[in-house]
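Mind looking over this structure? Questions follow.
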Amino acid sequence: MDLAATILVDGLIYAGWLFIVSVGLTLVFGVLNILNIAHGSLYAIGAYASASLVGAYFAAGGEAFPYGSYAALILAAVLVALVLGPLLERGLLRFFYGRDEVLNVLVTYAVFLILEDVMKLIWGVNPYFVYEPYTLLGDVEIGPLFYVGYDFAVIAAAIIVGLVVWLTLNHTQIGKVVLAVIHDSEMSQTMGVNVQRVYLGAFMAGAFLAALGGAMTAPMISVTPGLGVNVIIVAFAVVIIGGLGSVPGAAIGALMVGISRAASVHMLPEAELFIIYFVMAIVLLFRPEGLFAKTQARKI
Amino acid sequence: MGSNLIVSAIVALVVLAAGAVILPDWAMFLFAMALAKGLVCLGIVGMMRGGVVSFGQGLYYCLGAYTATLVANTFGVSDIFLLTLLSAAVCLLVGLAFGPLLSNYRGIFFAMLSLALSMVLYGSLSKMSFIGGTDGLNIAAPTFLGWAPEGRPLQAALYIYVVTIVVIAGTLMRLYFDSERGLLTLATRDNELRVEYLGASVRNIMTYNYVFGAVLGGIGGTIAALALGHVDPEFAFWTTSGEFVFVAILAGYLSVPAVIVAAIILELVRSFSNLYFPNTWQLALGIFLLAVIIALPNGLGSLVRRRKGNET
Amino acid sequence: MKKLNFKIGSVLGAMTLAIGLSGPASAQDDTFKIGVITFLSGQAAESFGVPAWNGGKLLVDMLNEGGKLPAPYDQKGFGGMNIEVVVVDEAGGATKQVQEFRNLVQREEVDAVVGYVSSGDCLAIPPVADELKAFTILYDCGTPRVFEDGSYEYVFRTAAHATMDNVSLARYLKSRNFDVPSFAGLNQDYAWGQDSWADFTGAMNQLYPDAEVKTALFPKFGAGQYGTEISALLREKPALVHSSNWGGDLQGFLIQATARGLHKRAQLALAAGDHVIPQLQDKMPDGIFLGARGVNGLAAYARGGELKELTDTMWEAYEAEYDTFPVQAPFRMWQAIFGLKTAIEKAMADNGGTKPTSEQLAAAMKGLEWDAPSGRIEMALAGGHQAIQPNAIGTTKWNADAGKMELVDVEYYDARCVNPPDGMKSQEWIAQGFPGAQCN
Amino acid sequence: MSKGVLEVLDVQKSFGAVTAAKDISVTVPEGAVYSLIGTNGAGKTTFVNMVTGYIKPDAGTINFAGRNIIGMAPRQITRMGIHRSFQIAQLCNELTVEENMLVADAIHGAKGPSFLQNAHNQDARARAIATLERFNIAEHRNRLIPELSGGVKKLLDIAMAMAGDTQIMLLDEPTSGVASDEKFPIMDLVMEALKSAGVTVIFVEHDMDIVTRYSERVLAFYDGRIIADDAPDEVLSDPEVQRYVTGAPA
């Protein structure tokens, strides 16, 4: 297969994954103005939860209908969002709204540290495996290359997630309210919007997306402690490149990082470690607030 | 004010230096490391006064440490004063190069761009296997103007050295914080537009704060490297920088001594939680962080120093 | 200003005083206290740290109980002394470890330190150990640089360094007449992966001078996703893919590589991969060339010979306790503890039976030889501070009837066949075509 | 042309489809007092922002002290002597009144702000308090900004802008946010201080009583253009101005 095409396919697969793990981060930042380091923990917990749930599904005789394991994956992410979303947002983060954004980064860093050990207490240090969903969708042969059907399912999932988020924000009543809060939460409050509920909803959506990213990754990896830490920095980079709080920005950022990383692995493997920071530095040099920053012209 | 500051500095020097006699070996080392890191954090506090927080001070901590190590290993220089000066000079130059660039950024963008820079250094060093890659390098114990102590005297000398530097740097930074420039920094944090329309360059103010942070970071890194005897790219990793930010937030930007106390507290908490909860030390540390942020929203310094207009 | 500085001063003073007064009770003579440092969190916990300490704890308990092990290890504890352990997590980087090491020696007053999986930690600790005159055993880490770039009085490494792993792998290819027109590498992007790849390409250059290197991939440590790398490997079509990956990185790579059929198109050679077998089981494909960084795990179990009784005792105790078989990490911890026990007892025989000092321990350990489940360990390099040990490479084969992974076509290599002689750096030894290698 | 004259020539500015300034030309002689009137969005603040460098015009020239100042940063324009106040007083909320004044003083010191000289030094404090006294707000000197009334904030904002060598002062709605019974006393105070320093004044104002009482000349803005430029009585009786700006006969 042509090198360019391989890079494109590999880049798209990676970008799909990147988008799923970073769109929730940008959504949470847009609404709550919190850059959530614990997003990585939610990702890891999603991976663990799905490993447990899919494992339980097959243990309970799921072999008869293996495709049900995909429902288990998604259910795992929903459960994580339902349990941890309110716990973190209502129980902790809401006390920090309006505080300095760097301080809030530290708050979520503390949450990240705590959750790292909590995961170890719940799931131990031994790895969990749930490869069944990964191989279920068969192979796709493109030229001399084999891809797994699941890889393309990730791209599809990313597109669906992107569309759903975009349509919800731009074409529903709820979305309009959320956009209003993103734009100006104080103003929205005076207009009678229940900002508290929007915050909770947005955080739970973000938690769901983080957990979904983890749940979808779980079948192709071994789920072990320390999973979350690597996700955070790449997700941060994608979101910063795209512009904090921007959903289309996260998509473009994911594509840029995904494709440039693929190009680097194929053509200049030595540079793989840098490529993400390189893209980020270049973008920030020319667009100091990222590609799709919410611009705020200050009135004086 | 001036003479009070000198008295305070002398008191701090005497109290801290007494540690060289009182402290057991392990604690003296822990304090020395905490003070070296405290220098880095002091630089962040300087930036915090201007309203930005660098999540990438590991860049200078690491740069200082590697400069000292490479100079020591290549040219056989072991004098601590010379090594400190050289590292500070290198960090000054790099700070002058990046300062004007970063001074255009605020808030989370400043934090993330500074983080990206330090991660690029981390990545580069990790790739350079001829200087040890991720495994890092060792550096021999320093000498003090020709004197080459060993054992406890070495540790005590290092400790006194870092105490002296911390007190000097703390005093200078206090002078700077209280100066006209220092007041401008606070004003910038508050209202950049106002400062710009009074005819001052906000970028210039930010650049100076950044460069001071770079130099302090380099000195801190040099001392840490000499105390540890080892450097590796972890010095520039984001979690290292995150720890510095934590100390700075814990201390707040009001009081200089609070920075030192905060650095020591963090080292103690980490060391003991490591020992008593080997499996859940991150949990313990996380809870400690949260407790501090909730209990002391303006930092430790707010316990002893409040901003008041007529305070002199 | 003055007032508040006094406040800070008094806080500091109080802290100083409190710390100064709270020293630990000094250790007793009938107890030997060791500090153990290994990964309890992070990615290396699951693969190395935790199984190693599971094995270590088991052995310490067996020793403290006494009489559980065959001779010469039938004496209780260390020379009759009870063994007490302080465990510290290795996660957090070399900076933290230097601090923790000082705390262990100066605050906890341990009699010896056994630890360190990470090569970075192994480089950082020895100068401090010598400064504090603290007897220290490096039990796991791989980098040859520890004793090739420095020399230390109180520091010993009881496991062979990593050069052996990749030299053995290349020798295995040669001795099995495997045709290697080309090869590629996928290694983690940090010193371990970079060094392993350098050793392997160096050894291949000697044994297969015509083999072409297709590509050398270095995904980020902990990357998890190898889709792009696997595409690159599929495109380049090397005859063999070398990887020194370990833990989650190796498991993730294997899951994704086998799903995309890489193992059918290229021979996989894993320098340190045995420890993922208990987790992957039949998901690990057949026919992989596999090393265990020593005659450890399945290779030790399959070896038999005069060490069979010792090996089986530990193997069965481990299986009974943890419901899985021991892989390389516990074997290395065992050889460290057996070595420490041998050294202590030798020192006590020389000093009239009192608890040995660090100096006496170091003297006893220098050039020591002892038996461990992983074979005969000889402190043969770096003036008796660096161990060499035999190695083994095998090929994976799933035994469906027993539901177990087996290692077939195992080749055992003498320690002196795959380790450089004393006084020669590993890289030079490889580059010069293994001078002085004794293979049979 | 005299040094202190502000000359604006054919300045244009649009934000997308919105025209904020069209063919703006005006010459303000040294020492004059001009006022700008117009409805919201008519282009008054845009004019102030262009002259002080906050917004860069699309075309045209703005000459001051022999230089075209278009493209210069606000701080450079400030350094040339064109100072301004703000519609919403721009103050440092975490500092006291006196410290705010010290900030302004430090910037305009002879050698520029010092790294070592204490900001609260005797000389600087004396100067700051003198300025505060001139604007009759010295009694508030130890209070923090959020505790102050709108009028005091406005006065402090203007007092800070007076630090250094002020040649032209642009006041953006000096009486907005000020209680109605305070408006005239504040304007009296401000105009007195500015005039005694010989400063050229350009102020934006909605209150026509203030416009007629304090300004020598009025510029009426509508839809980005200047529709009248004359003495207050002339402008306010202009039918176009009445139709588009004041809304009814004055």
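Going in written order, the chains are labelled A, B, C and D, and every chain counts its residues from 1.
Throughout what follows, contacts are C-beta pairs under 8 Å (C-beta built on N, C-alpha and C of every residue); 3 or more make two chains touch, one makes a residue touch a chain.
Computed from a predicted structure; not experimentally measured.
Student: Once the contact rule is applied, which chains count as partners of both subunit A and subunit C?
Tutor: Touching subunit A as well as subunit C, we find B.
Student: Go ahead and name the chain pair joined by the largest number of contacting C-beta pairs.
Tutor: Greatest count of contact pairs is found between chains B-C.
Student: With chain centres set to the mean of the C-alpha atoms, which chain is at the far end from subunit B?
Tutor: D
Student: Closest chain to the protein CA centroid?
Tutor: Taking the mean of C-alpha atoms per chain, the most central one is B.
Student: Give, as an integer number of Å, the spacing between the C-alpha centres of subunit D and subunit C.
Tutor: For subunit C versus subunit D, the centre distance works out to 74 Å.
Student: Hey, how far is the Cα centre of subunit A from the one of subunit B, in Å?
Tutor: From the centre of subunit A to the centre of subunit B is 33 Å.
Student: I'd like to verify one number: the distance from the centre of subunit A to the centre of subunit D, where each centre is the average of its C-alpha atoms, in whole angstrom.
Tutor: From the centre of subunit A to the centre of subunit D is 49 Å.
Student: Round to the nearest whole Å and give the separation of the Cα centres of subunit B and subunit D.
Tutor: Inter-chain centre distance comes to 43 Å.
Student: For subunit C, give me the residues that contact two or more of the other chains.
Tutor: Answer for subunit C, listing residues that touch two or more other chains: 40-41, 189.
Student: Would you give the residues of subunit D that are in contact with at least 2 other chains, written as numbers and ranges?
Tutor: 86, 90
Student: Hey, what residues on subunit A touch two or more of the other chains?
Tutor: Within subunit A, residues 116-117, 120, 270, 273, 300 contact more than one other chain.
Student: Spell out the residues on subunit B that touch subunit C in their complex, using ranges where they run on.
Tutor: My answer: residues 1, 4-5, 7-8, 11-12, 15-16, 18-19, 22-27, 29-30, 33, 126-127, 129, 132-138, 140-141, 150-151, 154, 224, 228-230, 232, 234-235, 237, 240, 255, 257-258, 260-261, 264, 267-268, 270-271, 274-275, 278-279, 281-282, 304-305.
Student: Which of the residues in subunit A end up touching subunit B in this complex?
Tutor: 35, 92, 95, 99, 101-103, 105-107, 109-114, 116-118, 120-121, 233, 236-237, 240, 244, 270, 273-274, 277-278, 280-281, 284-285, 288-290, 298, 300
Student: Considering the complex alone, what residue numbers of subunit C touch subunit A?
Tutor: Of all residues in subunit C, those touching subunit A are 40-43, 45-46, 50, 189, 215-220, 222-225, 227-229, 231-232, 234-235, 237, 247-248, 251-252, 255-256, 259-261, 276, 279-280, 283.
Student: Please give the residue numbers of subunit A that touch subunit C in the complex, ascending.
Tutor: 1, 3, 6, 9-11, 13-14, 17, 116-117, 120, 125-127, 129, 131, 134-135, 139, 144-148, 150-151, 217, 220-222, 224-227, 229-230, 261-262, 265-266, 269-270, 272-273
Student: What residues on subunit C touch subunit B, complex-wise?
Tutor: Contacts found on subunit C: 1-2, 4-9, 11-13, 15-17, 19-20, 23, 40-41, 86-89, 92-96, 98-100, 102-103, 105-108, 119-120, 123-124, 127-128, 131, 143, 145, 149-150, 189-192, 194-195, 198.
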